[in-house]
Amino acid sequence: MAEFINSRLISTLLGWFNVDALPADHWLGFVLAGLVHTVLVIHVVAVGALVFIWMERKVSGRIQDRLGPTRVGGKFGWLQTLADGLKLITKEDITPANADALLFKLAPYVSFAASFAGYLALPFSDGWVGHQVNCGIFFIIAIVGMEVFGVILAGYASGSKWSLFGGMREAAQVVSYEVPMGMCVLIPVVICGSMDLITIGQMQAGFFTNWILFHDPFAFVVFWVYFTCATASVNRAPFDLAEAESELVAGFHTEYSGLRWSFFFMAEYGSMFLVSGLAAILFFGGWNGPIPIFGPEILNLAYTDAEIAAGTFRLGGYIANLAGCVNFIGKAVTGVTVMMWIRWTLPRLRIDQVMTTCLKYCVPLGAVCFVGVVGWQWAQLWSPNDLHPQQARISVRERGLIDRPVRTEGMARRAEVVKKAAWAGSVPVQAGETR
Amino acid sequence: MSGEDFVARLKKRFGAKIAGANLQGVDPWIEVTPDGLVEVGEYLKAEPDLRFDMLNCISGVDYFEPDAKKASKAEWQPHIEVVYHLSSIAQKHTLVLKVILPRWKNNQPGQLPEVPSVTGVWRAAEWHEREVYDLSGIMFLGNPDLRRILCPEDWVGYPLRRDYEMPLEYHGIRGR
Amino acid sequence: MDLLTQPVSVSHYLVVGAVLFVCGVVCMATKRNALGVLMGIELVLNGANLNFVAFGSRILRSDSLGMDGQLMALFVIVLAAAEAAVALAIALNFYNNHASIDVDHADDLKG
Amino acid sequence: MATYTDDPRIVEFDVRTDEMLVNMGPQHPSTHGVLRLVLRTDGEIVSEVQCHLGYLHRCAEKIGENLTPRQWIPYTDRMDYLAAMNMNLGWSLAVEKLLKYELPPKAKHLRVIIAELGRIASHLVGMGAYGLDLGTFSPFLYAFREREKLLDLFEEVCGARLTYSYLTPGGATADLPQGWLQKVEAFLKQFEPVIAEYHALLTTNSIFIKRTCGIGVLPPEMAINYGCTGPMLRGSGIDHDLRRDGEARYTDMYDGYAFEVIAQKNGSYPRDHVYPAVPPEAVLGDCWHRFYVRMLEVVQAIDLVRQGMERYSTTPGDWGQPIKLSTKLPKGEAYLETECPRGQMGFYLVSDGSAIPWRVRARSSCFCNLSVASELCHGCLIADVPAIIGSVDIVMGEIDR
Amino acid sequence: MMLLAAIQWHTFFFLLFSLLTCGFALAVVFSSNVVRMAFFLTISLGAAAGLFFLAGAEFVGAMQFMIYVGGTLVLLIFGVMLTAHERFISMKTKAGEWVMAAFLGGGLFLLLVRATLMVPQWNAPNLQRDQVAQSEVHDSAAIGAAVSAYRADSLPSSSAPPAAAVPAGKSVYLLPFEIVSVHLLVVLIGAGYLARAKKRNPGNAWQA
């Protein structure tokens, strides 16, 4: 992106003024690229929250046999959230007398920043990512865990007992749910052999049977565990104990009003999208559609590895990526919708039941599935995935459908590591690895 | 559950503690003296053929006519009654007990008349007694938590007494 | 501005590590709240971690420790977590028994 | 984390936190009006609950001493405003008892129809609001969807949607409008299958079962001792319903109606062959049973309305003109309890011979039902407090009067 | 413009994060409110994670976030809240202790910095770091492999056969890794033991 800005946009611009073109790695390009990325991601979070809050109202309305917003902004009340946002901005920002003013004021931003930072590593399409972190999954999980921090601070700093209860509940809940969630997330990692979300996404290219969800029964089960834990860790019903309006008034945000309050909501909806997006990448093929229309199998429009490496721009590839992005957002929004659906259907669990769900069901299930998936891979049992992924790539290549090397750099590198290590005589080559 | 026989049976057992009875009214009632109340209550609750296990209601009724002209025509002397409505779930019958008290203890205005609490017999009495205490100004000796229940704790006076006058002002809020 | 235009070297990291370390030590020495002392320990450990990572980074030095630095850092983090849990349990027990969290009162071991 | 315990008095945690006094209410989403509960909590465990009432005290009894009985009818509306019809009925019957007034038979059937429809309307709110207490919003709106239709029917009858003042001493203020019974029948027909939805959303929902079964268990002896009535009492397995066991003046109304008291007898409910079975976790007297009794009472009320409509349309005669406003009350006193949706509502009336009663007293059902709440909440978790208070189904207007 | 062009952005971010780290570490020291201390510590350690990222240790950075910031500190704050009596929130330190600590800290700091600056190799920046970054195996898989058995970063070249006690390419971290795992398990069990409910005689202090 930076190179593109430097070499294409700015240099062209400068060319009109007969100024020398900038080198491809000039700082200006990096800053502009960074700005563009930031603005894009902020929009995903902020506008996303607007849309999701509107959607939540519509969905809940339909579930409850009513219409939801209908007036503001035309037929469907499109602008309802915006109107509410304006209202919130103009509202008085109250800090209770008992509150720890500094922390009270900071807490919503901590929450929001954590939720927002998760988007840094979330790829929206092949290569469309703020920053490709090679342990992206891990990073996102860690960041989602950070959001709890703002909630705890809010709970403590409000100086209200209900808020404190909310904060304590949130702390206990999220810290517990990180354990099974981590386990669930490890399973796609084990299957793909990488923590890089882009690699994992790329490996699921092809028909929908390649989605990790269908890799084996354990992977199928573990998705549901993951989704449960994700719902719990972003504090959505039936696990929304931190705000539990019938018990704790509004829990940790009882004392908040106006804009600060809305930041908590942006954070909540941001996290919802984040964990749903993660689910889409880990289990549902990420940006790959169920049928690879743009892939080499059909239209062959998507970028090739060589093109990615060279950073070339091609309209077909761009369209393929755009379609992937739409695909990904569609999947993530589906996840968010399901969370809404659940929220408006089920009663809330009690705190001890939430803990029981985590410790007695999610953790053991996650552990069993983990062992199961490892065993499945080790025994090389049949999988609709058509892959132990890298093999699938190779088999596709052998069938002459595509003639390009294994595309996933991480995989290639890892294979190399294993090969070298095998040479060193220290480890047996794992089942399914290439020799 | 208040025929002549029943009253006779109670009188036989409790003697002077059954102070009287009115069997003619729509709801016949039996009058009990304050010191016999708990005893009678325990008996009524325990006796297998009576089993008055539920206390439905306790009401305080103030018989006092502030208007002197009307008061002279009244058939009763000023007094206050505590009315206990009992029923039995097992035997499906009801009973009305009354305790008749002077309006003020020792006839000194401000000193509340006293009745023993029946909380030990029927737990339901606790809140009812609090309410009667709050509104009619009757002291229930032995109630574990005799505080005002409907009025604020610093309220002055007993609103359901006939001579009660609404305060002119309460915490800066105009009364009358 | 000299700072900004030079590439980062190992000693940059070491200085930051030293600051963290010293802050941690001072924290441990001055805080009377047991949890404050605990936070000091975390700072000290993090200062050490920074050194490990700096020495292990190929970006900072071509002839670095290699992966050992990162691995040591990982061990430190994990052990710090365990240490925090244990220390917190001790602090809470102390609180329950003495109704205080002031370490200055912790000189009798009778409990 | 704190684990749920039966009795906190014998359990201690090594990691202990300080006890905290927390105010639940007067403005709290799940106290159903302005009730204030002071909770003493140790972490999430509630060790003591103290109720503070009176925030909605409107001196109804004092007002009653200055109005004629018919004039006081609107004040009864405002007691249990969710079942105002039943309140009107209770007061009317008490006044009629003192007057020894005999109703025409048609008026009795009219009253059965109205009272049972009122019971349905009230239980719908109770059911929906209980869902709210447990954190699910949708059943509330499903309940209100049906209640609205019912309110439309009431509006047609008396012109009001909440405070009806319809049944008065002597009968009712007006006869049922033409064609109204057909509309009721249409409503019932539409409503009956909807109940299965409620069962799916709440009664048989596994989270709902987990939240309510074994919580707030009210043993039958305690229920009686505390004077609990209505679904509270029947939820504890006591076979007692004033519509069958009450005073003759009241049971007269239901004379000849096919009717069974909804209480668990020999381990089963009268109708549980049609409706979901009792889950194995449920303990007699817990929140689930109280809820279930209400649900079954709705079904039974439908049945009674149908019977009442049949009788009403075949009974000749007058629908019951209200008594004159200035009717002098005979000297004496009368007390009468009726089976309202939330329990037994009693009215006590003392007269000195004039048209205005000497003393009026309302015995509130929720008042007694709520008094047991602090006992039930002993040692539960904070989240159980709304579950228990919700299962009592209180209306503060009635408690504070 | 010239100045901006000369800026090393890697250095810029390093300075940013190190300022955050050091600043909030100092804030931890000088704050007397324990809850704020915890909050400052979070930011400080979070920024330290940023430094890890800059040094190429992405996995360690994420680990820092997850375990330190998300786990340990939440635990700490939990502890703070459990003991959050008014009188423990802010506990002032005596002036004498401050003086002592200032001497100790200052001396220690001077010593450390002096030691740091004495080694010229450490001061010299790595000028070929771009090439190094390309060839560096900083995939998390490699770390996983190194923890369990073998090393990808120090494979022997074919010309020089391994001679050391630990053959090149092999990792010595398997045992420590196991020990840490067992240690964590023990801590987990210990925590469970501490938090369990104990039956005591009825009518104990609870009622008082």
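Order of writing sets the labels: A, B, C, D and E. Residues in every chain begin at 1.
Keep this in mind: a contact is a pair of C-beta atoms (placed from the backbone, for glycine too) under 8 Å apart; a residue touches a chain by one contact, two chains touch by 3 or more.
Here the structure is a predicted model, which is why all the values come from computation and not from measurement.
Novice: Based on mean C-alpha positions, which chain is nearest the centroid of every protein C-alpha shown?
Specialist: That would be chain A.
Novice: Pick the pair with more C-beta contacts: A-E or C-E?
Specialist: Most C-beta pairs in contact, of the two: C-E.
Novice: With centres defined by CA atoms only, which chain is the most remote from subunit E?
Specialist: B
Novice: Report the inter-chain centroid distance for subunit B and subunit C in whole angstrom, where each centroid is the mean of the CA atoms.
Specialist: 72
Novice: Quick one: subunit B and subunit D, Cα centre-to-centre, how many Å?
Specialist: Subunit B and subunit D have C-alpha centres separated by 26 Å.
Novice: Can you give the whole-Å distance between the Cα centres of subunit D and subunit E?
Specialist: Computed value for the inter-centroid distance: 61 Å.
Novice: Just curious, how far off is subunit D from subunit A if you go by their C-alpha centres, in Å?
Specialist: That pair's centroid distance is 49 Å.
Novice: Considering subunit E alone, which of its residues make contact with at least two other chains?
Specialist: 7, 59, 63, 71, 73, 75, 78, 80, 82, 85, 138, 142, 152, 194
Novice: Quick one: which residues in subunit C touch 2 or more of the other chains?
Specialist: In subunit C, 89, 92-93 touch at least two other chains.
Novice: Could you check subunit B for residues that touch two or more other chains and list them?
Specialist: Residues: none.
Novice: Provide the residue numbers of subunit B that touch subunit D in the complex, in ascending order.
Specialist: For subunit B paired with subunit D, touching residues are 25-27, 53-57, 59, 61-62, 74, 83, 85, 87, 89, 92, 94, 96, 122-124, 126-128, 131, 135, 148-152, 159-160.
Novice: What does subunit D use to touch subunit A in their complex?
Specialist: So the residues of subunit D in touch with subunit A come to 1-4, 20, 22-23, 28-30, 44, 131-138, 141-142, 145, 201-202, 205, 207-208, 210-211, 381-386.
Novice: In the complex, go through subunit A and note every residue touching subunit D.
Specialist: 60, 63-66, 161-162, 165, 169, 172, 237-238, 240-241, 244-249, 344-353, 355
Novice: Report the residues of subunit E in contact with subunit C in the complex, numbered from low to high.
Specialist: 3, 6-8, 10-12, 14-15, 18, 21-22, 25-26, 28-29, 34, 37-38, 41, 44-45, 48, 51-52, 54-57, 59-60, 63-64, 67-68, 71-73, 75-76, 78-80, 82-83, 85, 88, 91, 93, 97-98, 100-102, 104-105, 108-109, 112-113, 116-117, 119, 121-129, 132-133, 136, 138, 142-143, 146-147, 151-154, 173, 176, 180, 183-184, 187, 190-191, 194
Novice: Could you pull out which subunit E residues touch subunit A in their complex?
Specialist: Spelled out, the residues of subunit E in touch with subunit A are 4-5, 7, 9, 33, 35-36, 39, 42, 46, 58-59, 61-63, 65-66, 69-71, 73-75, 77-78, 80-81, 84, 137-142, 145, 149-150, 152, 155-156, 167-170.
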